[in-house]
Amino acid sequence: MYRPTSGLDSPRFVGIRTFMRLPLITDVSGCDAFIVGIPFDTGASYRVGSRFAPEAIRSISAMIRAYHPFHKFDIFDRINVADVGDLAVVPGYAESSLNRITQQLLDLLEQSQGGVPIALGGDHTIVLPELRAQVAYRKQPIAVVHFDSHSDTWDEYWGEKYTHGTMYRRAVEEGLIDTAHSIQVGLHGSAYDDNDWAQSRTLGFATLTLRESLDVGIPATVARIRERVGDAPVYLSLDIDVVDPAYAPGTGTPEVGGYTTIQMQDTLRALGGLNYVGFDLVEVLPQYDGPGQITSLLAANLCWEFLALTALRPS
Amino acid sequence: MYRPTSGLDSPRFVGIRTFMRLPLITDVSGCDAFIVGIPFDTGASYRVGSRFAPEAIRSISAMIRAYHPFHKFDIFDRINVADVGDLAVVPGYAESSLNRITQQLLDLLEQSQGGVPIALGGDHTIVLPELRAQVAYRKQPIAVVHFDSHSDTWDEYWGEKYTHGTMYRRAVEEGLIDTAHSIQVGLHGSAYDDNDWAQSRTLGFATLTLRESLDVGIPATVARIRERVGDAPVYLSLDIDVVDPAYAPGTGTPEVGGYTTIQMQDTLRALGGLNYVGFDLVEVLPQYDGPGQITSLLAANLCWEFLALTALRPS
Amino acid sequence: MYRPTSGLDSPRFVGIRTFMRLPLITDVSGCDAFIVGIPFDTGASYRVGSRFAPEAIRSISAMIRAYHPFHKFDIFDRINVADVGDLAVVPGYAESSLNRITQQLLDLLEQSQGGVPIALGGDHTIVLPELRAQVAYRKQPIAVVHFDSHSDTWDEYWGEKYTHGTMYRRAVEEGLIDTAHSIQVGLHGSAYDDNDWAQSRTLGFATLTLRESLDVGIPATVARIRERVGDAPVYLSLDIDVVDPAYAPGTGTPEVGGYTTIQMQDTLRALGGLNYVGFDLVEVLPQYDGPGQITSLLAANLCWEFLALTALRPS
Amino acid sequence: MYRPTSGLDSPRFVGIRTFMRLPLITDVSGCDAFIVGIPFDTGASYRVGSRFAPEAIRSISAMIRAYHPFHKFDIFDRINVADVGDLAVVPGYAESSLNRITQQLLDLLEQSQGGVPIALGGDHTIVLPELRAQVAYRKQPIAVVHFDSHSDTWDEYWGEKYTHGTMYRRAVEEGLIDTAHSIQVGLHGSAYDDNDWAQSRTLGFATLTLRESLDVGIPATVARIRERVGDAPVYLSLDIDVVDPAYAPGTGTPEVGGYTTIQMQDTLRALGGLNYVGFDLVEVLPQYDGPGQITSLLAANLCWEFLALTALRPS
Amino acid sequence: MYRPTSGLDSPRFVGIRTFMRLPLITDVSGCDAFIVGIPFDTGASYRVGSRFAPEAIRSISAMIRAYHPFHKFDIFDRINVADVGDLAVVPGYAESSLNRITQQLLDLLEQSQGGVPIALGGDHTIVLPELRAQVAYRKQPIAVVHFDSHSDTWDEYWGEKYTHGTMYRRAVEEGLIDTAHSIQVGLHGSAYDDNDWAQSRTLGFATLTLRESLDVGIPATVARIRERVGDAPVYLSLDIDVVDPAYAPGTGTPEVGGYTTIQMQDTLRALGGLNYVGFDLVEVLPQYDGPGQITSLLAANLCWEFLALTALRPS
Amino acid sequence: MYRPTSGLDSPRFVGIRTFMRLPLITDVSGCDAFIVGIPFDTGASYRVGSRFAPEAIRSISAMIRAYHPFHKFDIFDRINVADVGDLAVVPGYAESSLNRITQQLLDLLEQSQGGVPIALGGDHTIVLPELRAQVAYRKQPIAVVHFDSHSDTWDEYWGEKYTHGTMYRRAVEEGLIDTAHSIQVGLHGSAYDDNDWAQSRTLGFATLTLRESLDVGIPATVARIRERVGDAPVYLSLDIDVVDPAYAPGTGTPEVGGYTTIQMQDTLRALGGLNYVGFDLVEVLPQYDGPGQITSLLAANLCWEFLALTALRPS
């Protein structure tokens, strides 16, 4: 079993920056999960720069410790995890990059026999090759729990099909998503028109806007998600812009008025026991994050929550 | 009807930065509302630099879309709005600047026959010439809804009468404010003495401190404002420092412990139907806002809420 | 009675930066309390730089006014306070520094006959010499109310005994703390193992984790603290990382998901009447705080709350 | 004749940010030159974000005045210039963007009958569509004076042909460049292999490395350029990374050890009288530029030098 | 004799920030020179915020040591210097502030019997009250050595007479300057028209533009200044924007292409023996200076050079 | 032979950040040189934070390519180099850390049979354990070429012996340095007294101040160094503060007026052929470096120059 270097063993600022100072490996055989950076940001429509997010998240993840006080276990006693570094992408070439990402991820899924990727984006476009790889490996559509302020189900931008605002529609069109067990949570912000969120429902997703979620509260939000997903194999994709800019300023298309960090933590901590096949954390832009790097810190912590959720999968 | 350039028509980072990429006009005839920058910051008593706020707010306003999901309408289907650029001011000369602002605004009010200015400050001193212009145009005092952590009703600073902490007293002295229908909301922070907030009541304002507002909750806060204002013509002035510094760090005299963004949004969204004659958003200092520019983003969104409130005025 | 220079007497950016522009003194005779900087940060295990925090907190404290609207008194009408500058420390030498701090503080306690130090850290290690000085002066162990996301009761780091993560254990070992009347509040974040917080209880502290505190609410949190402390002489130590990084990004070992500013203010405002002997505010790192310096601003405000609590001590 | 708004007419922070506060126009008929933003940065191989450079350069260009003390004329007395805003690009799609840029520029060239574009990049990829448009308009290859630390003549990156490191090779392959009259100046930094600069010569460019240029001095550098270009129609392309990072930190692939600002100014001021057909200033990344925005300031000033060179063209 | 606290006596980050940690005094009797902050920035025409420059310069001045290796003496062995804090100003009111500054400075000149003020601006407007005080004290016009990229001799801005671009003309009009022995050095940047620098000569100043200065070299520049000044009582005023933005990014109206730090040091070090009556260092804006605060560091060092020049006055 | 991952093989922002994306190894057998981080900053007397420098330098070193155009070779064709990560240090405990560093380095020297360490500091204190390890391995004193603005030969600070300002004296006292072949280059800045630089000569070092170096020029500076060192085994230690703050703002005790980057490059490039046994690059503080991270970029490039010098050692 791999373990991160503890802050009690050496100061947390010592050493090459892998996630939580886990071992850097190239062979994921035997891994229950693996950290993988996908520094692709060519799909970004406004601010750009999440290509540096895997570095930033790994850097500050050195602060995180192995034991989870809420779940009351040491994550690395339960699952075997390491860091495989970054996938090769081609900046400026969306479609070529998506193909490369898909193939590399599929190789990792096969090598690990279904190990759970914890993907550090990159912009949200990467969910498309992630799902392509999952479906190629599992031979079935995957349910998606999608936390985001945006639905990302537009058809195209400026005549082009592959951007960080359109890939959920592409994924549905490609038959990758088990929409009947999928849900988009946290939608908020201004809209192009009255169809922005409706189009997700047309595609088959359930939706729970931020306003709806806050009105019913976090426990009911969680219940709604659990009910929707059931025991389907499920992919959890979290766009950091679902969190309020006060808590996550370092992102590309921030929308004022999102979740607090504690609401986000409470949500994820109550989502144990689902049949997770993969996770991603996308749209962190370190250049816009300020010297405290609180967005990267939050992202690293949410990935740590993902690891706990992996440890809590039904056996 | 003017419309902003949509992010679906061209990427939001393309083009000259007017508010929401609305047309830049010089003739406001036929406008229901108009965006106007008032880059005056000579009245600032501590940090200074809001002269660059109109630029910063316009810049990031490119991220905002036309459709308002809460109110369920496209703002620009309902009201005709454009951007008139900035008013000329004279940095370092308060009184001269105030006169120039008054005259320029009055010209715009007359040309538009009472179009609603959405003013991008500038420091809070600008509320004085804004009210002077309104009263000159409307020939009657105006009710004011004033969101701020400070009452801004001191008599003078260091022997001088025109600063961003004294202009509400000046406005009352000049008979510009219908105080019986006016209210100051969100007062908090340390005070010079026990008179800081009492002096506003002496001048005739109702007050609702942040603590009182949080204790009764947002719906009761809104009810208190609506009750106070009634159907008087009303000017809404929002000093961004009424919002907590976590959500709005880029301001000149921040006070810890303000509203959250969601509280602010909920308040404004519930204030539809009043007889608004003007709005301002003041005291944004981009230099103190960090690379994510979340204060400017919030300010731009609150101006968008002002536009929605304009669209909801009684006909 | 000393008084700060008021912002009505000269602009708040004028003058040498003492705390709230209080007089800079070297003789604390007759002082009820005194501001003292302790720029020691050699105990920091991750980010470092709180040696510049006393300067940053003093700088922005110029914004704070003398009258406390919640308590409804002018602090400086009630207690005599001034700023004594910084204690000399030896960067890079923990044990030597601790001895110097202890002696300098003891001198100040003796000169002021038990005047209350409001200490501006520095890293949290300084609580050890602060308690040593208090106990040397008072000849009895002191109760501690400790707000922090970390328990700081580990035994050692990398074979060394004196760091910002171990000093509470040292203090207990040295018999400085009346643990039966002491409590740690706000613990949260990832942990090394299941003993991180338990070890504090083993040492005799009561603990109230952030999650427990939020579950019962602020009033019950306050009641728990008051009940625990009783009328023991008590030292209040506040590590700014107990506050959420959105509100306090400028700190050395931030943990996502802490108190809001308003929760922190509400807690302190309800803790009047205890028998305070000293306060510290530690772990502010201005380098990580962004241009708005909201962490320093919060820290300065919390020190102002400490002054109010000093004014509210039982006579 | 269009003129910029003078800082004597209104404070330079007043007004919508066009270049030097020139009029914003859509019809370039009668213009000798025009400012045009090309916010394309999809070709960037390392840091990314020059999509925001046109905004940043325009913003700070408000500081520049009309009279050129070296050349001793008011630029706008000699040439008719305005700002046409930005060209529409498609982020994430290089080839589609290049086609759009070419067509839009060609339209402007035709409308202005050969008006000189002063292009604000964007990454350096944009030189390709700029040259395509020039050649389409002029029906002949164009000489290029290329200031850069990189030769940008690699064949491909990761299997792709259109990036900011390959476009000069593409341009030569497409027959757009009159290489016999073209020169690359300022090459420096580490290299992939001994072919990095040699490949430019193989393609037909003359080269003058930074070291060679500094060894012979600025006057001889200028002489070499003038000799090479002769009276050919010439395009001047300036990658800001040819300037030392101390003077231009805000760029995507900085190389330590470039020209100083004064060397750059002296070079451009001595290059009057050539037959310029276009200019670009590329690779400014405001996100990496620090609060003083000195890179954008330098870029704006260099564009002002370009305007002076336009005014000095042989009639 | 006052002395700064040495970095060998306590770490340089310890203590209240006076200049070089000199004593803070209110009575300047017996002082040869005194440090005085003049945080007035209401005269600024573009960026604003030098009100915080005295604080920033004092803060980083803690790094400077007492012994001057070029002049080979300990400054504080030769002259008696302390820090008097800041003069009270009235932000937003230029003329009122100028009167207050004049009177306060005159009091200090009288109390110290002609002690040399080392003034930390503030914007350049402060040179006017500084000269008023000097002339009131000395009953004769004063020669001025003025390092600046701008001549600051415009007549008015937007109808107003007292700004940081007009005060040298005011000073000449008021008969404060012995122009026959005065010189402006370092003029550069774009100009309003061909009169920008000529108007200074019309007023009687000699001028040496940056280009002229660099062409003749630093020794000849110094010779020209010395020749011009002769043995007249002389005031040296240094606008930090005469230095290149790479070396001094934190200023309000930067002009690319100024002196390097070493050129500036060499110039000042060669200017010993003149009959200095006062100095100022103006136009530092810490908000625009980046985390390294190199502009403030340079400013502090140049003030230290001023102290050495004071020590070198003819007896 | 190890090789870095080329930017032509994958984008330079892809992958875990080792130096130049070299392999991360634990066994240095067969290495001619190795990169090693020594994140120790407890010896810093003013600003602190170089514990994060190895990470920052490695991060941006991804931009550097393998071929050196001045020396005209691919470094990795000539020497076998990899990255061994960081040495474990104990923050807050100087003497314990120094012992650990010495032992770890000695192990690496033995394992590699005298492979050349390229050490990424950390503060300058680390030169002491580096020399201890070298002397323990080589059984003879080592010549030192020391580029720095400070001599670092003070006896103690505040009663303590091991700081970044005293370690060269310690090294001499311990007999580690062959002072007869050692030289300190670039000394400048203010001094404590006339002994600051003389004390180095008393200890046996030759000195060449910055002023002396600039007066004679770079070639003569190099000649002086070469003459002094001869063919002694030599350690080159470069404190980044020898470079001007415009080029290297991110450092702990900056002194205005240092070398330019080009002067530094020219110096190192002319120093080939010496018998180097080790190198360090110290005192980079990323927190003070601005978003462009130009100090880290320069540091990475200078380490690349060190690698070239290693390749040029006499065989």
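Note that the chains are named A, B, C, D, E and F in the order they appear, and that numbering of residues resets to 1 at the start of each chain.
Just so we're on the same page, a contact is a pair of C-beta atoms (placed from the backbone, for glycine too) under 8 Å apart; a residue touches a chain by one contact, two chains touch by 3 or more.
The shown structure was predicted, so the numbers you read here are calculated from the model rather than taken from an experiment.
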Note: chains that touch chain B and chain D both are A, E
At the largest C-alpha centroid distance from chain A we find chain E
The larger set of C-beta contacts, choosing between C-F and D-F, lies at D-F
Chain centres from averaged Cα atoms put chain A and chain B apart, in whole Å, by 38
So, in whole Å, the Cα centroid of chain C is separated from that of chain D by 55
Each of the following residues of chain A touches two or more other chains, namely 10-11, 13, 45, 51-52, 88, 90-91, 157-158, 244, 246, 287-288, 290-291
Every touching pair of chains is listed here as A-B, A-C, A-D, A-F, B-C, B-D, B-E, C-E, C-F, D-E, D-F, E-F
Listed in rising order, the residues of chain A that touch chain D in the complex are 41-45, 47-49, 51-52, 88, 90-94, 96, 157-160, 162-163, 287-288
In their shared complex, chain C is touched by residues of chain A numbered 6-8, 10-13, 62-70, 72, 74, 244, 246-247, 260-262, 265, 290-294, 297-298, 301, 304
Counting only contacts in the complex, chain A reaches chain F at residues 10-11, 13-18, 24, 37, 39, 51-52, 55, 58-59, 83, 85-91, 287, 291
In the complex, the residues of chain B that touch chain C are 45-46, 154, 157-158, 188-194, 196-197, 209, 211, 214, 244-246, 249-251, 253-254, 256-257, 287-290
